[in-house]
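So, here's a batch of structures to check.
Look at the two complexes coming up: chain A is in both, with chain B in one and chain C in the other.
Now for the complex of A and B:
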C-alpha cells in the first residue's frame, strides 16, 4: 500500500513535470502560483489539522516570506536559490516571539492573537515606508541567477519546476513530520492537551515549535511568490488572505496535507480563471462561499477527507467480501 | 524513605479550604486508598500532587525531592502518572496509539521531528506489554472512543502503566461502571497490582473496591485527614462510621 502511494506520487510528479510543456504560456504562471498557494495551505494544515491550533492570521507568514525575499533580492547580491530558504528561515525566526505570545492562550483567543500579529505587520508596512515601500509595495524583484551560474530557474518554465520541486520536498518533509514521534505528540495535543501534558510532555513547547515550523513553511511559500509576481504588496499580510487560506484548508480536508495542497492550488486556479469569465466575475465569491458552506454541512472532513473515507469503506468492503468468498482460507 | 510525603498540604478556593493541612506518607510498594464523601477534596488532593493545581501552603516530596508547585509535565517526568475521574483519552486515536504516546513520554526521542519509526516501534512494544496486563490487547486497533466505558477506564490505567512511573494515581478507576464491569475491572486491576512492583494511590467511592484493592486507607473529610490505617482499623473507626461509612450499614 505504501508502494502504491509512492507510485501515485511519482505519477503525479511526472504529470507535474510534463505540465508546463502542455499548457499555453500564459497559464504557466497561474499554475505556478497555484502550487505556491498549495504549499501555503499545507503549512497551515500543520497547525489546524494536526495540532488544532486555529490560526486566523497565517498571512503573516506569507507576507513575511515575500517581503524577506523581496528585500534580500533587491538590497543584496545574493542568488535567488539562496534567498528563498533564507527568507523561510527568517520567517521562522520572526515567528518565535509570535509563537511564544500566541501559545499562552488556546482556542479563539489564540486565533485572535495570530490575527492581531498579521494585522500588526500589515499596519507596519504602511508605517515604515522607507523600508517597505508603503502602499506601493516593493516592485522590480529580479530572479537573480546562481550560485555556480545556475540560470535554469530564471525562466517561466524553470521557475515552475523550482516551485514544484520545493513543494514535493516540503510535502515529503511534512509527511514524515506528522508520522514522527513529534507528530504523535501533536496528535495527542489535538485530541486532549491536558492529558498529553499529564503524560509528561511540555505541550506548550510543542505548540510553539509547530507555530514556528508552520510559519517557516508559510514563509517559504511567500518567498516563492515574490520573485514570481515580481513585487510584494501589503495585501499579502491582510486578513483576507488569512481567511482564504483557512477556508481552502478546510475545503481541501484538514489533517491530510494532500487535501490542503489540492484545495489551495485548485481554488486559486479556479478563482483566477472563473473570475475572468464575463458571466462569473463578481459571482465568484458567491460560488466559493456556497462550496464552503456545502463542504461544512456535508463533508466536514473536507473533500480529500471524503475521498479517503470513501476509499477506506470500499477497501473494507473488498476485504470482507474476499473473506466470505474464501472462508476456508483462514483455517 | 517514603516514596511520597505530603506535609501540611493545603489548597484554598476563595474562602473554601478544599484540602486542609494534609500530612500523608506512602511507602514504596504500598496500595493506598484515599476515601471520603463527595467534596472531601480527594480529586483536588490528586491535582496538588501531580501539579495540575498549585498548593496554597505545604509541600510535596517525591522520593526525597521537593516537587511542590512544579508544572504537571515535569512532575510526570519525575515518575508520577495519573488517571482522571472523568475519562481523559485521545478519542480519535487508536487504543494502541493512546498507550504508545504514554510510553513515548519517557523516551529521549520524543522530540524527533522527522523519521523516528524505530523510536515509535519501541514505544509501541512497551504499549503492547501494558495493554496485555490490562487485557486490552484485542482492542489495540480500535479507536479509543469506540471502546466500552469499562475498557476506556482500563485504557487510562494502561497509559499510566506505560509511562513507567514509580507512583500511579488512580482517580476512581471504576467510576460510572456497572456492577459487572466493576467486578471485571477490579479483577484485572488486582491481577496487574500483584504482577508488578507498583506504588499506587487510589481514590475510590466504592467501598467494596477499596477493601479488595488497598492495603492501607486514608479517609478525607472536608479536606482533612480523619483516619489513616489498615482497612480493618478504618472500618472500625467511629469517626469514619459517622462521616462516611455509616450510610452504607
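Now for the complex of A and C:
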C-alpha cells in the first residue's frame, strides 16, 4: 500500500512537472499561485488538523513571510533562493513569542489571540510607513538570480518548478513529521490534552513547537508569494485571508495534509477562472459561502476525508467479500 | 475653559462611540455566554440591520419605525439560522465548527446584502428633533450623539435589570451556568438558545441602524466593526455582561483619544490594549479562565 502511495506521488509529481509545458502561458502564474496557497493551507493544517489549535490569524504567517522576503530582496543583494528560506526562518523566529503568549490559552481564546496578533501586524504595516510602504504596500520585488549563477528559477516556468519542488519537499517533511513520535504526541493533544499531559508530556511545549512550525511553513508560502506577485500589501495580514485559508483547510479535509493542499489550490484556481465569467463573478462568494456551510454541516471531515473514508469502506467490503468467497472456492 | 470644553466634547464623543459598540458587544457576549459560540457573523448582522433600517426608513419615511422594525426583522433571520443550521452542530461539541459556520454565514449575508442593495453607500434622514447642535461650554456638539449616549445608558440598565431581575433573565443566567441541569429541571433550552441568539442579533442590528446616521450604511461596515466588538468582549471577559459594558467604554475612549493624541498609533492601540489585558488576565477583566 505504501508503494502505491509513492507511485501516486510520482505520477502526480510527473504531471506537475509536465504542466507548465501543456498550459497556455497566462495560466502558469495562476497555477503557481494556487500551489503556494496549497502550501499555506497545509501549514495551517498542522495546527488545526493535527493539534486542534484553531488559529484565526494565520494570515500573520503569510504576511510576515511575504514582507520579509520583499524587504530582503529590495534592501540587500542576496539571491532569491537564499532569501526564501531566510524569510521562512524569520517568520518562525517571530512566531516564538507569539506562540508563547497564544498557548497560554486554548480553544476560543487561542483563536482570538492569534487573530489579535495578525491584526496587530496589519495595523503596524500602516503605522511604519517608511519601512513597509503603508497602504501602498511594497512593489517592484525582483527575483534575483544566483547563487553560483543559477538563473533558471527567474523565468515564469522556472518559478513554477521552484514552487512545486518546495511544496513537494514541505509535504514530505510534514507527512513524516505527523507520522513520527512527535506527531503522535500532537495527536494525543488533539484527542485529550489532559491525558497526554498526565502521561508526562509537556503539552504546552509541543503546542508552542507546532505554532512555530506552522508559522514557518506559512511564512515559506508568503515568501514564495511576494516574488511571484512582485508585490506585498497589508491585505496579506487581514483577518479575511485568515478566514479564507481556514475555510480551505476545512473544505479540503483537516488532518489529511493532502486535503488542504488540494482545497487551497483548487479554490484559488477556481476563483481566478470563474472571475472571468461575469455571471459567476457576481455570485461566486455566495456560492462558495454556501458550499462551505454545507461541508461543515454534512461532511465535517472535509472532501478529502470523505474520499478517504469511502475508499476504506470499499476496501473493507472487498476484503470481507474475498473472505466469504474463500470457503466456496475451497469446496 | 476652551480646553475643558474640548475634553468634555471628546469624552462625549467617546461615550457615543461606546454606545454603538455596546449594542454589538452585548449581543456577542450574550450569545457567547449561553451557547459558547463566537458569532463571526455579528458584523454582517450589524450591516444587515443598517440596510434593512435604511429600506424601512425610505419606504415609510419614519426613522423611529426603522429603529424598531430593523432589529425585529434581523432577529427573525438570526432565529431561523439558529433553528435550521446552528442547532445541528450542538451534538458535535466542537467549538471550531461554530466559529466556521458563522464565518460562512458572514460571507453569505454580506454577499446577499451586496446583491440586494448594491455597492453604493446608503444614507438615512434623521427626524428633526435629532438633527440639531447644542453648545456645551461653548463647544458645538451634535444632538444625535447625545441621543446615542442616552440610549446606550438606558439600554445597559434595561438589559442589566432584565438579566438580574426577571424570570427570563434568571433562566438565561442558569442556562449559561449549567444547560444540562436546566434542561433536566424541565425547561426546553432549545427555545432559550434560539431566543438568545435572536436577541443578540437584534441588538447588533439596533447598533447597525444607530451607526447609519453617523457613517452611512456601506458594505465594509461590518468587517470594520466586528473586530472591535471581539476586542471589547475579550477585554471584558467573554460572557460577562458588565465586562462588555466596561470594555465598550474603554475601547470608545481609546479610539477617540488615541486618534487625537497618537494618530500614528491609533490602529495598533486597540490590539495592544487587548494583548496587555490578556497577558495579565487570560480570561479578560471580569471573565473566568476556561
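To be clear about the criterion, the second predicted complex is superposed on the first by the 326 of 331 C-alpha atoms of A that agree within 3 Å, B and C clash if a C-alpha of one lies under 4 Å from a C-alpha of the other, contacts with A are read in each partner's own complex, and residues count from 1 in each chain.
In the analysis below, contacts are C-beta pairs under 8 Å (C-beta built on N, C-alpha and C of every residue); 3 or more make two chains touch, one makes a residue touch a chain.
On a predicted model such as this, the values are computed, not experimentally measured, just so you know.
Once the complexes are laid over each other on chain A, chain B and chain C both fit without any clash. Of the two partners chain B and chain C, more chain A residues are in touch with C. Once chain A of one complex is fitted onto chain A of the other, the partner contacts of A:309 are absent, as it touches neither chain B nor chain C.
Shared-chain residue A:115: touches chain C; no touch with chain B.
After the chain A superposition, the centres of chain B and chain C are separated by 80° when viewed from the C-alpha centre of chain A, nearest 10.
Touch criterion not met for A:155: it reaches neither chain B nor chain C. By the touch criterion stated above, A:135 is placed in contact with neither chain B nor chain C. In the superposition on chain A, A:105 contacts chain C only, with no contact to chain B.
Touch criterion not met for A:320: it reaches neither chain B nor chain C.
Legend: residue contacts after superposition of the two complexes on their common chain; A:177 is shown touching chain B, with no touch to chain C.
Between chain B and chain C, the minimal CA-CA distance in the chain A superposition rounds to 14 Å. If you check the complex, the residues on chain B that touch chain A are 50, 52, 71-73, 76-77, 81-82, 84, 88-93, 97, 100-102, 104-107, 109-117, 119-120, 123, 159, 163. Residues 36, 38, 40, 85, 88-89, 92, 94-97, 99-101, 103-105, 107-108, 111-112, 115, 223, 227, 230-231, 234, 238, 264-265, 267-268, 270-272, 274-275, 278-279, 282-283, 289-290 of chain C are the ones that touch chain A when the two sit in their complex. Those residues of chain A that touch chain C in the shared complex are 48, 52, 54, 56, 101, 104-109, 111-113, 115-117, 119-120, 122-124, 126-127, 239-240, 243, 246-247, 250, 282-283, 285-286, 288-290, 292-293, 296-297, 300. Every residue of chain A that touches chain B in the complex is listed here, in rising order: 173, 176-177, 179-182, 184-185, 187-188, 191-192, 194-203, 209, 213.
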